[in-house]
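Consider the two complexes below, in which chain A is the common component and chain B and chain C are the respective partners.
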Partner chain A sequence: MQNSQFVQFASLVMLAIVPYILASQGTMLAGQTGLFIVSQEGVMLVGASVGFLGAFLSGSLLIGLLLAALSGAIAGLALAYFTTTLKLDQFVIGLAIFFLGLGLSNLFFKLVVGVTLQPPIIPTLKAVPIPLLSQIPILGPILFRQNLMVYFSILLSLFLIYFLYYTSWGLSLRAVGENPKAADSVGVPVARSRYITAIVAGMLMALAGAYLPMVYTGSYTDGIVNGRGWLAIALTFLGGWSPHLIFVGSLFFAGVEILALRAQVLGVGLPYQFLRMIPYLATIFVMLLTYKRLRTPAFLGLNYDRESRTSI
Partner chain B sequence: MSEQSVVLRRQGLGSVFQALVPYIVAVIASFAAAGIVLAVMGFNVPRAYATILFTSFRTPNGIIQTLIKFVPLVLQALAFTIPLAAGKFNIGGEGQLIAGAIGATTVGIMLAGWPAPLLLPLVLLGGIVMGALWILLPAWLLYRFSINEILTTVLMNFVAFELIDYVATNIWPDPVAGHPTTIPIGAGGFLPRLIQQPPLHAGLLIAIFIAILVYFYTDHTSAGYELVATGANARASRVYGINVRNIFFLSLLLGGAIAGLSGAIEVAGVHHRLIAGIQSNFLLLGLIIGLIAKGNHLAVPFVAFFIAVLEVGASAMQRTLMIPGEMVFIVEAFILLFVLLSDVVRRR
Partner chain C sequence: MKQVSPPLLQLQGISKSFGPLLALKDVNLTIQHREIHGLLGGNGAGKTTLMNVLFGLYKPNAGQVILRGQTIHIQSPRDAIHHGIGMVHQHFLQVPHFTVVQNIVLGSRLHNRPTLNLTRATERIQDLCQRFGLEADPNAHIIDLPMGVRQRVEILKALYRGVDVLILDEPTTNLTPQEVDSLFESLQRMVAEGMSVVFITHKLREVMQVCDTISVLRAGEHQLTLPRTQVSEELIVRTMVGSDIDLDESILFAATAPQESSSSRTGPPVLDVQGLTLTAESNTPQVDDVSLQVHAGEIVGIAGVAGNGQQELLEAVLGIRTADRGQIRFQNEELGHCSTRDRLRRGIAYVPEDRVQDGILPTATIAQNSILGVHDRPPYSQHGILKWPIITQHAQHLIAEYHIQTQGAGQQAGNLSGGNLQRLILARALAQPIQLLILHNPTSGLDIPTVEQIYRQIRQRRQEGLAVLLVSDDLDELMLLSDRIAVLYRGALVGHLQQKDFDKYEIGRMMSGVYNHV
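Then we have the complex of A and B:
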C-alpha cells in the first residue's frame, strides 16, 4: 500500500516536471549565450492559448503543440532582434514581450471562443507506455508510463547535457555567454548563436505553456500559468544555469507543487491558501540556502557590441 | 533620465517639444498597428479609436472614472520607478498593494467605531506599513545576501494572492457576496469625497501630492541625488562614499510603502472593503507607465493619466463595440516598444 502511494506520487511528480524543465532549460540555453529572458510568464501564456486553440480547432493535440512552438519561436525571434541587433536592454524588452504575451493570449482566446460560461474542453495528452520498460516494477509506472512530453523533456535534458558539455558547438555556445569578445575573435558567430538559442528558448517556453491545458485542465483560463514562468527563472538560477542541476531542481519544484496539491486534497489542518503559498515561499527559501554557490554566465543580461572598447 | 530633465530646464519649450516627438510618433505608430489588426477583424476602427480616446472627456462620469483609475496607476508606477532610479527592480507592486489593502482593512474593521479624524489616518498608515513589510523580505535578502530582488518581489505577489483570498473568505467574510469579499470597514475610515455625484474620492489629492513629493525628492534634493547617482553608476557612487546597499534597501522599502498606500486608497476610497482581485492589472500598467516615462518622475504622472484615459476607453470599447479590452493593453505594450525603439533611432 505504502509502495503504491509512493509510485503514484512519483509518477505525478514526473508529470509535473515538464513545464519547469522546458521553460527552465530554454531560459538556461539562452543564458548560455548571454541572453537573460524574463518573458517566460507571457510566452507560456501565449503557448497555452495558441496550443489550446490549435488543438481545439484542429482536433489534434500535435497541431496545437506545433502552433504553440511556432508562436514561441516568433517571441524568441523578436527578443533576439530587439536585444542582439538593436541592442536594447534585455530586461526591459523581456518585460515588454511579457506584456504583449499577456494581452495576446487572452485576445486570441476571446476572438476565437468569445465570452462563454461553458469554456470549451480539449482531450488531455494520453500516457504512452513504453513496451517492456513499463513492466519494470516501481520504475516502470513512474518513468515509462507517461505522456510523450514527459519523455521529450527528459530526453531534452540529456541532449542538452551532451550538447553543451561534450560537443565543440556546445563549448562555443557557452563561450558566447562567458566572453563574447573572445568567442568573436576566434570566429564564433555571436549574434547567430543568440538568435538560435532565443528562438529555441521561445519554443520550449511556449511548449511548457501548451502543456498546461493539454495535461492539467483540458481548458484555458487566463490564470493557467500562475507564476510558473517566474518560478522557471528562479529554477534556472538555482540550477546554476546547468542542464543537469535544472533537471534535479525541477524534480524538487514539481514535488513541492504536487505535495501542496495533495495536502489540499487530504486536508492537513492548514487553510488551503497557505498550502498554495508553499511553492513560492519554498523557492525564496532555497534561494537563500544556495545563493553562495550560484553561478551565472559572466555575460548574462548584457548585449555584445563588437565595436565597443570596454574590456569585456 | 535626470540628464533629460536637466536638458529640459535649460532649453525651455522648444526642447520639451523635441522630447515629446518620439512619444507622439510611438502613440501614432501603435494605434496604426492596432488599427490594421482591428480592420482585418472587421471592427469599425474610427469608432473604436473615438471611444478609446474620448470616453474620458465626453461626460463628467468619464472624467471621474479616469481620475479614479489614475490614482492607483500613478502610485504603482512610482512604486516601480523609485527603486528603478537606484537601479533596482520592484516587480512586486501588486503584492504590496494587496498587503496594503489587507492592512488598511484590518485597521478599518478592528477600529470600526473610531471617528474619522483618527481612523482615516490609521487606515492609510496600515496600508503603508503593510506595503513596506511585504517588500521587507526581498529588500533584506538583497541587502544582506545580494539575492536578486526581481524574482523575490515577483514571488511575493503570488503569496499575496493567497493571503487576500484567506482574509476575505476566512477572517471577515461577507456571507452575502458571491466573491471573496470582507465586510465593510468603519465609515470613519472612508476617504472623503471631493465630488458627491459621480463620486470622486480624495485619494486623488494624496496621489498628486505623493507624485510631486517624489519628483522633488529625486530631482531636487541631495538625498534623491544619491539615489539617482547610485542608479547611474553604483560603483562610482560607492567610491564617492555613498552607502549603495542602504540606498537599494531604502528605495525598495519606499516603493513598497507607496504601493501599500495605493492598496489602502483602493479600500478607503473605492471599495470600502477588501475584495479579492482588488489589484486589477495595476502592476503591469504601472510597469508600462514607469518604462514609457523612462523613470523620469516629472513625466510619470502625465503618462499615468494618459494610460488611465486609454484604460477607461478600453472598458467602454469592450462594452459598446464588443472589442476585447486586451486590444488596448496590447496597444500600450506597443507604445512602450516604440518608445524604446526611438532610442535606437536617436543613437544613429
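Then we have the complex of A and C:
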C-alpha cells in the first residue's frame, strides 16, 4: 500500500534527521556570534563514544546522553578559550579539536571495553507516542510516534527561530557575529556571547554523535559518525546560517540518507557509493545556484580584538 | 543675587600618554549647559583622544571629570552613557544588515526582552526623529542608507539612550553641504531642548557657523576657550597652527580665491576617458558611462560622497580593474588591455586613498618603498640585480627634499606617521617623469603643515604642466585646488563645473543626485 510505505519512509527520515539538525543548528548558533566551528566530526565521535560508554556502564541512556553533552561542552569551552581569549585561528584550532576527538573516541572505547569477541550492546531509544496527536492519520505516526530526541530536535529548531529573531538576546547575539565592535560599543558582551554559543554548540554536536549508537543498532563501531559532521558544515552554509532553512536542509539530507539505504537493500542498480555522494553533490549544486543570495554572518571566522584599530 | 550653578561638565588636568607619546598634557575644558561647544584643532591635536577619555574608551593617566559639580569615574562607554554622555564616532558602529530600529535598541535595556516587541521603540524613535529633525525610516536596513542618514541613526542611538551631552567626532566628513546644514539645525534643536553638544572638527568655518563656544587644542595642549562672538577667524587659525606655517603664504587659509590655471587646454588631453562602464557582480554599474578629460597643467577634481564609484573609476583607469565598456586614452594612445605596470611606465602615478594598505610595504624599508614600481628598471637595478648604493642615495634625496622625518632610509616604512608616510608616497610618485598624477583623498587625516606642503607641491607641479586627477571626499579641498570639478553620483558623472562657477551647495545637490543633467 502506497500510503503505509510513505509513512514508513517519512518516519525513518524523521529518525535520521536528528544528528543533522543538532550538529548544524549548533554550528549555526556559534556562527551567529562569529565563531566558525570545523570540529563537528570529531566532537560527534567523542559524543558517540562517551554516550555509548556512559549508557553501557550505567545502564541508562539518559546518563549516556548527559555525559556526552558534558564532553561536548568541554570541547566547546576549549574552542572558545583558544579562539576568543587567546585569539588563535579558529580554523586551525577547530581542526586540532577534530583530530583530538578522532583519537579520543577510539581510545575511550578501547580503554573501557577492550577487545571482545562479542561487541557490547545498549538498548535503543524507544518511541514515545504522544497521546491523541499520534492518532492523527499519516502525520501522527510520522511526527508523534518518535523517540524523545526527535521531539527535542524539532523543538530546538523552533526555539532557535524564536530566540534568534524574536528576542533581544537573539538580536545581541547576531550583532556580535555581524559587527562585534558595534555590539561592544553598546555594551553587548562579545566574549561571553561567544563562550556561551561555543559551549551550547559543542553540547549539541556531542548529542548528535551520541544519538547514533542509540538509535539503530545499539552498538558502537569505529567511524560511526561517517562524515555527518562534515555534512553538517555544508548543511549550515546551504541553510544560509538560518535555523529554518537548516531544518529544511536536514530533512533533505536525511531523506537522501534513507533513500541511499533503501536503494542498497532493493538493489536499484546504482552503486551505493554514488548515492552516498548525493548530499555533497546537492550542496555544490545548490551553492552554485544561490551563492549570491546566501549570506553568512559578516564576522564569521574572525576573532575580535577591542584594541585593534582596523575597522570594517 | 544671581544663583551660580556649577557648569554641566568639567574636565580637569587630563593627561594621557600612549607609550612614549604624550597625547594630552594637562588639559582643562568646561562644557556649559545648553551650548554647542566646538573643539577645534588639526589632526593629532588630541581632540578625539580627549573625548575618548570622556567617553570611557581611554583611561587617562591623570585628571578628573566633574559632572554638575560632582566628580564621576568613567570606566567604559557604558558608564558614560549611564551618566548621560553619548558619542558619535567618526566611523559608524553599526550592523549593516540590521534595521535602523534594531541598531538603535541593540544593547539598550528593553522592558520586553523575551518578546522583542519593537513597536514602542519604533514609536519613540519616530518621536525623536520629529523632535530633532533627524529624518530616518526606522524599518530601513542600514546597508541601504546613504551616509548622511547613517549618521543620523548614530545620533539617534545616543538620543534614544537619553544623553545630556552629545559628542560628535568630525561629523561632517561624509556629508553634503545640505546635510551639514540640516545636521546643524538638529544640533540647535537639541540645545534648545536643554542638551549640550561637543562638536569636534578641524574645519574652522563649521565652527564659526554653529558653535556658541570655541576651544582650540594644539599638540595635546589646551590653547583657548572663548565665546564665538569674541573670536576672529584669524585668531583661531593662528592658535590652531601656532608658528608652524606662514599664514600669509598659506594655501589652506587663503583669503582670496585661488589663481586661474595657466593651462590653455589646447591640444589633446593627457587623459581621455570615453564611456567607461564597470559593472559589479550584482549587475548594478559601479562606474556608469563616465567620460572625462584631463589636460596638461590642470587639476580636475572629482567630487562625490564616498562609495559612489570613485575607487572603481580610478582602478579602471589604472588597469587594476577591467572595464566592461569604454575607452581610456593616455597621451593619445589607447590603453586597452595594457597592464597596470605598463600604464605606470607610460607616465601615470597613483597616490591611493589607503596609505598603509595600498600605498606601501609596511615592513620594507623606506629605501625599498621609495623605488617600488620602478625597482626593476635602471638606474635602480640592472639585469635583475638591485643597486643598493643608488637606491639608498635616491631615498636619502627624497627624505631631504620632502622633509620626511625619519632616522634614515633603512627604517621600516610602516613606522612612519601618517603625514610622513604620505610625503614618502607623494615623493615616490613625483620623483619619476610623469604626465598624470592621480590622487585619492591625499590629505585625509593629516596635520595642517603637511596638508599645506602637499597642496603646495600639487600646485607647483600643475604650474610645471602636470595633469592631475584629484578625487576627494573633502569638498573644501576640491574647491581650493581644482580647475574644474566633476561630480560622481552612483558611478555616473552628473555634473561638471568650471572654477568660476564653484558653489558648494550646487555641488552638494549633484552629490546627492538631485541634479541630473551633465
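Keep in mind that, in the parts below, the second predicted complex is superposed on the first by the 310 of 312 C-alpha atoms of A that agree within 3 Å, B and C clash if a C-alpha of one lies under 4 Å from a C-alpha of the other, contacts with A are read in each partner's own complex, and residues count from 1 in each chain.
Methods note: contacts are C-beta pairs under 8 Å (C-beta built on N, C-alpha and C of every residue); 3 or more make two chains touch, one makes a residue touch a chain.
Just so you know, these numbers come straight off a predicted model, no measurement behind them.
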Superposed partners chain B and chain C on chain A - clash or fit
fit
When the two structures are overlaid on chain A, which partner does A:V112 contact: first (chain B), second (chain C), both, or neither?
neither
Quick one: is A:K181 in contact with chain B, with chain C, with both, or with neither? Answer first, second, both or neither.
second
Tell me the contact category for A:L171 with respect to chain B and chain C: first, second, both or neither.
second
One more residue to check, A:R295. First (chain B), second (chain C), both or neither?
second
Tell me which of chain B and chain C touches more residues of chain A.
B
Once aligned on A, the angle formed at the Cα centre of chain A by those of chain B and chain C, in degrees rounded to the nearest 10, is 80
Is A:I130 in contact with chain B, with chain C, with both, or with neither (first, second, both, neither)?
neither
So, A:Y280: does it touch chain B (first), chain C (second), both, or neither?
first
Rounded to the nearest angstrom, what is the minimum C-alpha distance from chain B to chain C in the superposition?
6
So chain A touches chain B in one structure and chain C in the other; where do those two contact lists coincide?
none
Considering the complex alone, what residue numbers of chain A touch chain C?
166-172, 174-175, 178-179, 181-183, 185-188, 292, 295, 298, 311
Under the definition above, what is the set of chain B residues touching chain A in their complex?
41, 89, 137, 141, 145-148, 150-152, 154-159, 162-163, 165-166, 169-170, 284, 287-288, 291, 324, 326-327, 329-330, 332-334, 336-337, 340-341, 343-344
Which stretch or stretches of chain C touch chain A in the complex?
76-78, 81, 89, 91, 93-98, 102-103, 105-108, 110, 112-116, 157, 281-282
Given the complex with chain B, which residues does chain A contribute to the contact?
38, 82, 86-89, 91-93, 95-96, 99-100, 102-104, 106-107, 110-111, 226-227, 230-231, 233-234, 237, 271, 273-274, 276-277, 280-281, 283-284, 287-288, 291
